[in-house]
Each structure stands twice: as C-alpha cells, then as structure tokens.
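The block underneath contains the structure these notes are about, expressed in structure tokens.
Naming follows writing order (A, B and C), and every chain is counted from residue 1.
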Amino acid sequence: MIRVDGRSDSPSLIRVRGLNKTYRRGGEAIQVLQGLNLDVDQADFVAFMGPSGSGKTTLLNLLGGLDVPSAGSITVAGDEITNMSANKLTHWRARHVGFIFQMYNLIPVLTAFQNVELPLLLTKLSKSERRKHVETALGVVGLTDRMNHYPRQLSGGQEQRVTIARAIVSDPTFLLCDEPTGDLDRKSADEIMALIEELVGKYRKTVLMVTHDPVVAARAHTTLHLEKGVLVEGERKGVLVGGAA
Amino acid sequence: MAIPIVYNLRSVRARWTSAIVAVLGIAGTVGVFVAMLSLARGFKATLVSSGSVDNAMIMRAGATSEMTGGVGIDAVKIIQDAPGIARGPDGPLVTPEVVLVAPIPLISTGTDANVQVRGVSKNVLQIRNKVKMIQGRMFEPGLTEIVVGKNANISYSGLTLGNTISLGNLRFKIVGVFDAGGSSFDSEIWGDGHLIGPAYNRPDTFFQSVTVHLVSPDAFQQFKDAVVSDPRLNVDVVREIDYYSKQSTRLTTLITVLGGLVASIMAIGAVFGALNTMYSAVSERGREIATMRALGFGAPSVVFSFVLEALLIAFVGGLIGCLVVLPLNGLTTGAMNLQTFSHLAFAFKITPELLVKGVIFALVMGFIGGLLPAVRAARVPVATALREL
Amino acid sequence: MKFSRFIFANLFRKKMRLLLTIGSFAVALFLFTFLAVVRSAFSRGTDLAGADRLVVINRAGLINTIPLAYRDKMLQIKGIKYITHNNWFGGVYQDEKNFFPQFVIDPENQREVMTEMKVPDDQWNNFLKDRQGAIAGATLAKRFGWKVGDRIPIKNSLYGPTKTWEFNLDGIYANDHPGGDESQFWLQWKYFDENIPAVIKDMPGWYVVKLDSPDDAVNVAAAIDRTFANSSTETKTETESAFAAGFAKQLGNIELLILTIGGVVFFTLLLVTGNTMAISVRERTGELAVLKAIGYPDRFVLFFVLSEALVIALIGGLIGLGLAILAIPAVGAALQGLLPPLLLSVSVLALGLAFAVFVGVASGLLPGIGAMRLRVVDALRRV
C-alpha cells in the first residue's frame, strides 16, 4: 500500500521517513525536500509529478541511492541506505535498483544483448548463465530477434525496451524510471507503458516513476505530487492493500 | 558567401585545449626542423666562409685534405714564380703552411679535442685578408709566439691572452686573438711555420699546403695551368673556397640526413596530432556546422573555413617553434670534421630564409591536417547533423 | 577477461580518432627507437672498448708517431700481457666517398690483443705468409662485394708521392661483440714499413696494450707514461674506453641533442593523447554516469579509461617498434660509412615499450580520475 503520511507501522518494501534535502546554490540554501514520508509495497506502481524544480528528480536520486539526504531515513527491503558509504551504495544499487533514464541509457558501441548483459558482468555468473538471463529479459520485452543490433539500428521505443530489459535482468528489488517516455512519440510511449504495466501486473515488479505527462501518470496505481517539499496524494485508482488493481 | 573568420577565432578560443595541443605539436616539429638545419648550415657556413675566391691552395697531387698533403720547399720556390700571384711589399703573397692537430682539452667536457694548429708565414694576414686581430697582436716571426682564433679562445682550455701552452716539444706564448669572420680559422691556432714543424720533429723544409693570393679571381686558371703543367711539380691546385666547401660534405650530409629523418618523422606525428584535433573539432561542432549549412553557407565555405582554422593554428605553431629556437642562433657548439678529424667550433646559423621555411613547413602540416576533416565536415548531410543530440 | 569486449568496443567509437592516436604512438615509438639506436651507435666505441686494454699515443697528439723501440721497454712493465701497434693508413679506394678505416697491423700480436676480431685460421695463415696480404671486416667486404682472393688497389698520398698500393684480400674478420666494428681494413706492418720514406720508418702511430687484468689499468698506464716522461717522445696512455669516449665527445654533443628531441617528442605525444582521451571521456559523460548508476564502482570507470589508453598505447607502440625493426637496417645501410652500424637491441625495444606504456597510462590518468570522480547526479543533470 502506498502512503505518504509516515504513520504506517507495518513493514513496507520501501520506507521513507522525514526526508530532508538542502542544496546550496550561489550562497543560498534551498531546502528541496522537507520532512518527506513514503511507504511503498511490493508490486506497487507509483508516479511522481510536480512542477520543474520541485524536487522530483532529487527524490528519485535519493531513493535510488545516487545521493544522500540532509536528514531522514530510507529503508529498502530492511536495509537502511541513508548511512551507507559510497562504495556500499554502489553495490546496493547493483543488487536492488533497476534504472530507466530518459536518455544515455544504452552504450552505442554495444549490441542490445551486450547492453543488457552489463549489470550481470558485475556478478560471478558464468558466461552461459549470463546468456540465459539476458535472453529471458529480452524475451520479456519482446526483442529477442534484435539481440545483436546496435542502438542506432533500433527505434526510440525499441531502445527503451532494451533499457527496460537491462533494468530487470538482475531481478532488482524495484525499478526507478525518470521520464521513461520523455523522448518518444505517442505510439511508442504507449507500448512502453503497456510493458511496464505488464511488469507490475504479471511479474509483480515494484515501479517508481517520475513523469510530467498526466497520460503516462494515469497508468500508475497512484500519482503523488511534490508540493512544498513533501508528497501529496493525487489520483487514486481505487487501490487498497497490496497494490492489486 | 564566406564564413566570417571571427567564427574560427571564437571557435579556437572555445576549444582552446585542443588548439593548444595542435599548436605545440607543430611548434615542436618546426623547432627541431629549424634547429637541425641551422646546425648543418652553421657548420657548412663556417667552412665555406673559410675560403676566398681569390686564393688558391696547392697540395700534393691526390691529397684528400691539407693534413695529408706534402709540399717541399723546392716546390714552394717554383710555385712562387708562377703567373697570377699578387705581390706585397715583401714579395709574392705566398704562405707555405704546416698543418697538424694538437690535443687540447675542451672547456665544456674536459676531454681532449684535436685542435688544428697551422704554422704560417709572416705575410699570412695579407693573403687571408678577412682575418683581423681583435686582441693583442700578431706573433713575431722567429719567436715562440702564437695567436688563436676567437672560437678557439672560448672553446679550448688555456687559450687566453698571455697564457703559455706546449705544442710538441716547444712552449708558445699566446700574444693575440683573431677574428676570421666565423670561418674554420676561428677554431685554429696560428704560429710561425718555421717553428711549429720542428716542434713536432718535422723538417723545416716540408709543408702540408701552400696558399697564394691571386691578382684577381680570374687569374686562377692561368696560375693553375702553369703550376700543374710544370714537370718538376706533382701537385693539385684548387680555389680555397672550393677546398673548404668540399671539406664540409661528410658532416653536413650526416647532420642533414639524420636531421631530415627526425624532422620528417616528427612532421608525420604533428600531422596526426593536427588531424586528431581537427577531426575532434568537426565532431564536437557537428550541430553548428549543420546550422551554418542550413543558414545558407555552402559546402565550399565550410571546407574553406576549417582549412583556414587549421592553417591559423599551424601558423601560430610555426611561429612559436621558430621563436623558441631563435636564441640558439649564434650559440657556439663543436663537432669533429669527419674528413680531417680535427675539431671545429661553429655556431648555429638561423637565417630569415630558414625561418620562413619553418613557417611554410608548419603551414603545409596544417593544410594536410585540416583538409580531410574539413571535407568530412562539409559532407555530413545537414539533416543528419541537426538531428545529432 | 569479462570487460575486454566493453573496453575494445569503446575504442572503436570514432575510428578515425583511434587510427590517428594509434598512429601518433607508432610515430613516437619509431622515432624513439631511431634516436636510441643512433645514440648507441655514437657511444658504441665507448661501450665496447676493452676494459683490459690500454691505448698509448704520442702526448703531442695522435697524428704523431712513437718509436718502435718503446715496445721492448714497455714489455718490461709488470702487468702487460701483449703489445701490438698500429698506423693509420688513410688511403683512398676508388673514390674519396668510399671512406673506410685502414690500419697497419702487427700480425704477430694482433690476435692476442684484439681478441674479439676473429679470422678463420686458414685465412690468417695465408695472410701471415703474404707480405701484400690484407684482411677486411665482414661489413666492409659486403659493402664492396669483395671476396677472398680479390686484388684491392688503394691510392695513398700520406707517405710520399701518391702511389697505388696493391693488396691481396686473404681473409675476412668477424667481430665477436654484437655491433662491433667490422668495417676495418688491415695490412701488414712489414710491407708498410718497407715502402715508406726512411725518415718515418720504424714509427708506429700508437700501441695497444693488453693487460693481465683490468684492475691493473690505472697503474700500468701511469707506469708507461712515467717510463717515457721527459724523453724526446712522451706518451699518453689511457684505457681504450676512455680513449673512445674522448673521441666520441669531440664528435659533438649528440647526447644532449638526442635527449632534447626525445623530450620534445615525449611531451608532445603525452599532450596529444592526453587531450584525445579527455575529449573521448567528455563525450561519454552521460553513459559513464548511467554505468555508475546501475552499480559500476567508481574505480571500475578509472580502470576502463586507463585500459583504453593502455590498449591504444600498446598497439601503437608495437606498430612503431615493428616499423623500426624493418626500417632501421635500411637506414643503416644507406648511412654506411657515415655512421657506425645501427644496432637494434632487445633492451632498446623493451625500453620503448615501457615508454609507450608510461605515456599511455599518463594520458589516461587525468581523464580517468575525472571520470572516476564524476557524480552521477551532476552528470545526469547536465542533460
């Protein structure tokens, strides 16, 4: 279940309490997040929206272990990540987070297969084991026949699908998306969103997504707005406990 | 319509690190190029300026250099009477000379150099009239006195005014320093021929060469014919200037060949560096180029613009290279004349012509380095370039 | 290695740039090798000089002679094993351009003192019996296409009126030491002494002394010079290597010249490749950030950049060294007569490779550290 009041006692997959983040910009201190709370459970699909500069990307960075908060705690699957060293965070990200950014996701000089394989190179899996996982991931996103193509040979939508395959190949705890359909035309965007919905519904993946597009946000179970440094609930699709639609 | 040069200047300023790299690569190559050529030139100039066009040298037939030659006093007497020789107040301007080398330590390394010692006749300054005394005075004939050339004075140890050195089994006092106009004589020690030979246990009546001052440069042929055809003599006659010019060939060739090889290799490297820089410039500025094309600047304008930029960079590099080596001009160094095995002190000689050559060399490198990338820049379809994010 | 595909793939991002950078390394290494070889050619005399040999010359200068009688006096000095003597013949073979050193040798002691010059026994025996016999070095013989049995005429004007001396090539010597001189021409002392003017007979140009042990060098040299001090012909004795070094120093400050050029090349190469690596890393900031985001540790990124630089350096370096191995013998042949033989030793090649590796790592270091320190958050914000 998705909550933003910080009062849930039951253990959630992702648990954020009292998150603060302050930046210094030109001598001034700007507090972007002010005591933010969040609870997300397995197979939840959350969209974050808000005007630019509201701190959505900051929140995503903090949740993904790419940045450290000024105060507060973030616990993912029982691990408190806010006090982890940079090295530990790196390892943690590899194990627990699948990233889907707006661009620069794919290495242009590697094939789709090699791109998807990248996270697995950090593990101790053998070559044939890696191959199995990559083929599976590519199968999920429906791009098995394009395994050996380079990004420049793929359409924008296909590139994002490869990105998604890479994000899920090591079976992370949750997926973080930052404007995943930002660069795509309407049709491709729909395809991608359908895929993400399938990941959530069929494969029970947990997805946190930042977007500025209300049509895209509508696909999520819940849309949360960032206002004045905290999350505020928006549209709720009639979801109760567990995230089942 | 030509793309304004201002664009190039501003672009260079924006990518200044790459530009500096290309500039330095070219500067280094030009520097080495100019330095090596000026070294070879300095050596050659020293030897060439040693000869006068109106002096003739006589050596034993077949001798490859002065030191290996031999002319007896009887021959000298015959030569003196040949036509075409100028006369001074004391008689015909003829100097029979004893030439040998003596080991004297180099100031720079402390090890011995083979310094050329010349036993001359008393009228030598009238024959080699470019030589002037700049310190002290000329030696007195019959006395154990010597004079040293200005390069010998500063390159070899102990050759200062008033000092006494051993040559062979005699001791000689240095009474003067002379300036021979930057020729090989500036590296020599001169003394009375009648004393130098005997100091080395050589007979007083035997010389290595004879140099005569001619009435005029045109008198050479007449003089030569008379001497060479004389059955009592077995000698070769050459113009002094030709003799010295030939003497320099081996070392000049060596320096030029080695220096040329090094400079060529460096040039290839510099062109690679320039190419690298220009290709990077083209790829980093893909969108700008496309924008300009879309605005109406044609492909030739783009090519021209890039080549101009490369030339600009190369020009600056060439200038810097020349400027950096310019202080070498006049710097005295030494080398062994590979034909006589005597040590020669000479100076780097950087002429304006050489500097111009250096800059042109830089421009050629820049042109080669700029052309291909420029053509590639112009060839990218505008639409593709604009799409590149 | 797991990441090798990734590293190699990144190199091929911009093929032209890769080719040019590899080319820069190849050129620099070729030049480095060339300079090293020239430098060793100039110092070869010093390097190969016998530690157990002394050279005795007339104190007044090498062009003056020493009495033959000095030989017996020297043999009485303790520590001397053998003595031989030489003269500089200085003739011309066909054309002045065909210069090569010609030495008058003392056949009885030559092989005992100059132990590295080897002549087959049968050829040597023929030579001993032949007054007009001559021995040529292997390189010299090859240069003019001489064979044993050829008649070699040499014109000489140093010892009287110009005369053509005729010699029979009885043998060819090879030098044991790699790179050692094989360009000399030897003729017999007796034949020489018979045919020069009386006033200069019995006067060797210099002596070469073989010691019982190299440790005696200083003492024996001093003893020799002491023996002839204050006589009409004083001597100057030094070890063969000191003698060669002094000679090399007169040739000119080659060492400084080569080091300067080498320094310029090194610096420029470092600059060019460092800049190239920096540009190539800068282009990829986004990708590197994503790599870090998905869990690649910072030091991996440094490792990738350094590996790329190293691969370029090694490939370019090996090409450059390979070209040198091919080209330098040709250059050496063209410069024959002007320079000692150009030898490419294993240590020069190894040094060149080390140089390439060093520049490679150095050029990748700054960009690599920059990439390592890159904060994902900042990099992605740049978008």
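Quick note on the criterion: contacts are C-beta pairs under 8 Å (C-beta built on N, C-alpha and C of every residue); 3 or more make two chains touch, one makes a residue touch a chain.
Since we're looking at a predicted model, the values are computed, not measured.
Which chains, taken as a pair, are joined by the highest number of C-beta contacts?
Maximum number of inter-chain contact pairs occurs for B-C.
Going by the average position of its CA atoms, which chain sits the greatest distance from chain B?
Farthest from chain B by mean C-alpha position: A.
Using mean CA coordinates as chain centres, what's the chain A-chain C distance in Å?
Computed value for the inter-centroid distance: 66 Å.
How many angstrom between the C-alpha centroids of chain B and chain A?
Those two chain centres are 73 Å apart.
Just the number, please: Cα centre separation of chain B and chain C in whole Å.
Whole-Å distance between the two chain centres: 25.
Touching at least two other chains at once: which residues of chain B meet that condition?
Touching at least two other chains: none.
At which residue positions does chain C touch at least two other chains?
Within chain C, no residue touches at least two other chains.
Touching at least two other chains at once: which residues of chain A meet that condition?
Residues 103 of chain A touch two or more partner chains.
State the interface residues of chain A toward chain C in the complex, per the touch definition above.
57, 61, 64, 66-67, 86-87, 90-91, 93-95, 97-99, 101-105, 107-110, 114, 118-119, 121-122, 166
Considering only the defined contacts, which chain C positions touch chain B in the complex?
Those residues of chain C that touch chain B are 14, 16-17, 20-21, 23-24, 27-28, 30-31, 34-35, 38, 60-64, 90, 92, 96, 99, 155, 157-158, 160-162, 199, 232, 236, 245-246, 249-253, 261, 264-265, 267-269, 271-272, 275-276, 278-279, 331, 334-335, 338-339.
So in the complex, the part of chain B that touches chain C is made up of which residues?
Against chain C, chain B makes touches at 17-18, 21, 24-25, 28, 31-32, 60-64, 67-70, 100-103, 106, 108-109, 111-114, 167-169, 200-201, 203, 234, 250, 253-254, 257-258, 261-262, 265-266, 268-270, 272-273, 275-277, 279-280, 283-284, 333-336, 338, 343.
With touch defined as at the start, can you tell me which chain C residues reach chain A in the complex?
2-3, 5-6, 9-10, 12-13, 286-287, 289-298, 376-377, 380-381, 383
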